[in-house]
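Shared chain: chain A. Partners: chain B in the first complex, chain C in the second.
And then the complex of A and B:
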């Protein structure tokens, strides 16, 4: 097992090195960093001097090491568009995105798992079929269309919920949260549903499929023969084994949630990392783009790593299979 | 299949086609198609969209991109059945007086074109990498597949956005509008190739140990001929099924990029661009400008998805 985890850690480190290289190439070779920093009136000498000062004439490996060193200290340079340090911008925007992702993940789990169990246990009930059909439509609805529909119904027509922003936020040290005020909760409802809907349908279908699979196994039949109550069988025995793949998928989809928060944040003008990134892409703001790339990849890689390790820890079969294959 | 045809070279093309149609009429595939009305409807919707896209200038009642035929007097008409609507404009008009129904048809044309091109690009790249990787094996295979793994760690949308952003930075600004469509195709295509590479690779690995490959090698056929003429046709089935589902994904990705304002430019709007433009008028009550293109997009994506799902299940012998 130690070997497996070591292998995963090695792979994660490899991904981060590749991502860092991409970010480095992006910041140093795409476009001319100098012309993005100086004004029109700068002379050629000024430019050369700046180039020398910034170390852009050094060999590429030296620059790469310096880039990594700066990145580790959270220094990604200064945004071309906003003329502020990228690290400050990210620190301001990160809480908004993490809160949105967290609330929508919880929403997807809390609604998706019970619905999945329900549709598996009452397979022939018309309500289950309806839920499944609707969930198929949910997979095909692009995120931004869901957002627009919600805004049209609940903001424009009914005027129940705000259509943009985070509402009232409270500062807790360096972290601003919208989850302590009623206003903040009203603002997060629609973005969280928009972002979580796809994950919800995914979880629903997965829980249903796994549950149906588990209910067919011998140990469930045996439990039934022992005369256990339905409740004990369904929730004590079956649900436990259903949860293993669900944990994996949920963990792996944190990455998807972060990526699609870009779309949700644009629809609802949510002041998070995603909105920052989209604006950076529109205005070719390279430092912000490369910082987002590194940060988002770091989150994906870490969640993947944790999920991989958890999976091995939770499921003993994986450990033995590896051992048999290795001939130990 | 190509091998079988090679044995009967004297049959005429016509009789071969009749033969093929007869075989198709008796196939499981057609049977399972006719048995499921939802799939038939999805197929019809997809065909209608494709035909409307191809013959857009003939089908659309107005030419929304000809400035001469536009009049600002016609702007913001609601759909024809709503009070204040105009019979000339079935689904209403937008802020520039363009007929929504016509812009949807032209928009679907761009959406489908970009979607198809992106999928073809992904398949070409993925299959090429997968075939070589699976056939050659060794460190070459390990390297390429590790690279695919790394890319699969990062969601496709993010990769497409990044590629798009890099292209915007690297290209001179006066060229951006013109080649924006190609940039979008490239960005979506490059973000999806690993799936096809994996399928092609596992196919190539199971095919390369078969006797026909060994026979071809014995008679001195060069490796690339074996790969392209003998192995490729045998692994193409699953790749094309994946491609159908991939088309729905590519159309959604294009719409998403365009909605974010980094996709297809407003001069040749796709469905996503139309939704983006219309979104600005949602709050002032002109809901039709954004909701009709949204509806068209959802129906198109849902139909292609249903078709892909059905094709996957129908061709999967385990589910029969």
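And then the complex of A and C:
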């Protein structure tokens, strides 16, 4: 098991190096960083001086190593648009995005898994069919449409929930959280539902399909033949076997949530990484873009790493050590 | 002696969009305590469905269409789910065909055993574990106390079928339904498993309903045999009689088609045609289109089981012999 994890960590590091390379190329070769930094009236000498000071005349590998060294220390340069260190911007924005992603992932799991189990166990019940039909709408409605609909109903018409922003936030060290105030929770409800709805329906349908598959297997039949209770069969034997593919998809989709949060954050003016990225794209703010790229990939890679480890925890067949093969 | 299991006029129905299929039709048999009854037939003959009906595990939309099933005189075919669940695994144990897929891959052998024990008996965790080790020992798994913490994938096929048997016999059932228990195993392991099953059943005084398509396994193991064809029992009687002097033309064909060493026939005998699907079972005797001995009543009226000289068979030939 230790070897397996080490192997996965190594693979993750490799992926991150490739991503860093892309980010490096982005920040150095998309346009001329110098002309983005200096004003119109800078002389050629000023430019050459700056180029030399920034080390842009060094060979590409040297620059790349320096880039990685800085990135490891959280230094991605200075935002062209806001003239502030990217790391500061990210530190301000990251909590908002992570909280949004976390709340919507929990929402999707807590609602999606039980509904998936329910619709699999009571396949012919009319309520299950209703849930499935509605979930189809959840899969096919684009995120921004859901967001705007929610704003229209709950903010404009009913005036129950705020239509934008994070509400009141509390600072805990460097982390600002909206989850400690009622106002913050009121603000996060709609963005979280908007962001999580697609994942919820996906999880629901996946859990249902996997559960139906598992319920047809021989070991479930044999468990029934041994007179085990429905509870033990459905929530013990069947559910545990259902979880392996579900964990895969959920792990991949936490990365997906971060990607989709760009749209949700724009709709709700949520002050997170997504909004920062969209604004950075509009202004060709390359340091911010490359920092976002690296950070989003890092979260992707980390969730995948966690998924791989969870596999091993759940499925004994992957624990290759101590493998005993006995004859009859 | 009264029968342990009595099945009377059992039929199994599967409603489909167009037809009501009756894959098991009007089947009656009984099993005495300690007896081993073989049920033989081609795939699709209704053997497994009969077994599933007895233990109440027909998969919807399949259902019992009629008839009665009694265990020790008590009807069990109309029990509520909760009562039926208490019988499964306790009074009736069942063994399935494929040991590789019969065990939950994510739970240790010990956990699956003690869960089964504790579902039906008021045992503490430690007592259940001790009993589980005992059971594994009984089915011939070496170093049982070490292997109890292992997962199914750490066992070979034959060993896994032993674990399956231990699970099915955990609560000393009176009746064991073994559905093709050796079909998925190596020939060299088959005999071991069959002997094990036989010995344990004898030790516990349990009866076995052994479902198989392998006439060789049936002939070696069983006291009596029921031959099924297209959802009906066409012949039933003592194994020796059915094997040596079959009354029904289908059984005769079946016996003739078993290859024997030392027989110098160039070609293996076989029955022409194939068994009808449940959607188009012919009128009269279901076997008549393939029967070499058919005559007038065969395609008109369905024969019931009749007493022959050595067994009971559902064939008009017996009627004709009796009339003459």
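Rule of thumb we're sticking to: the second predicted complex is superposed on the first by the 307 of 328 C-alpha atoms of A that agree within 3 Å, B and C clash if a C-alpha of one lies under 4 Å from a C-alpha of the other, contacts with A are read in each partner's own complex, and residues count from 1 in each chain.
We adopt the following convention: contacts are C-beta pairs under 8 Å (C-beta built on N, C-alpha and C of every residue); 3 or more make two chains touch, one makes a residue touch a chain.
The model shown is predicted, which means the values in this text are computed figures rather than measured ones.
Touch criterion met: A:224 reaches chain C, while chain B stays clear of it.
Of the two partner chains, chain B is the only one that A:297 touches; chain C does not reach it. Annotation for chain A, partner touching more residues between chain B and chain C: B. Contact with neither chain B nor chain C is seen for A:160 once the two complexes are overlaid on the shared chain. By the touch criterion stated above, A:314 is placed in contact with chain C alone, chain B being left untouched.
When the two structures are aligned on the shared chain, A:262 is found in touch with chain B, with no touch to chain C.
Of the two partner chains placed by superposition, only chain C is touched by A:237; chain B is not.
Per the touch definition, chain B reaches chain A in the complex via residues 146, 149-150, 153-155, 157-158, 161-162, 164-166, 168-170, 248, 252, 255-256, 259-262, 275, 279, 282-283, 285, 287, 290-291, 294, 297-298, 301-302, 305-306. By the touch rule above, chain C contacts chain A in their complex via residues 55, 57, 85-90, 93-94, 96-98, 101-108, 115-116, 119-120, 142, 147, 150-151, 153-159, 164, 167-168, 170, 186, 188-189, 192.
Contact residues of chain A toward chain C in the complex are 217-219, 221-229, 232, 237, 240-241, 314-317, 323-328. The part of chain A that touches chain B in the complex is made up of residues 11, 14-15, 18-19, 26, 30-31, 136-137, 139-145, 148-149, 151-152, 155-156, 163, 255-256, 258-260, 262-263, 266, 277-278, 280-282, 284, 286, 289, 293, 296-297, 300-301, 304.
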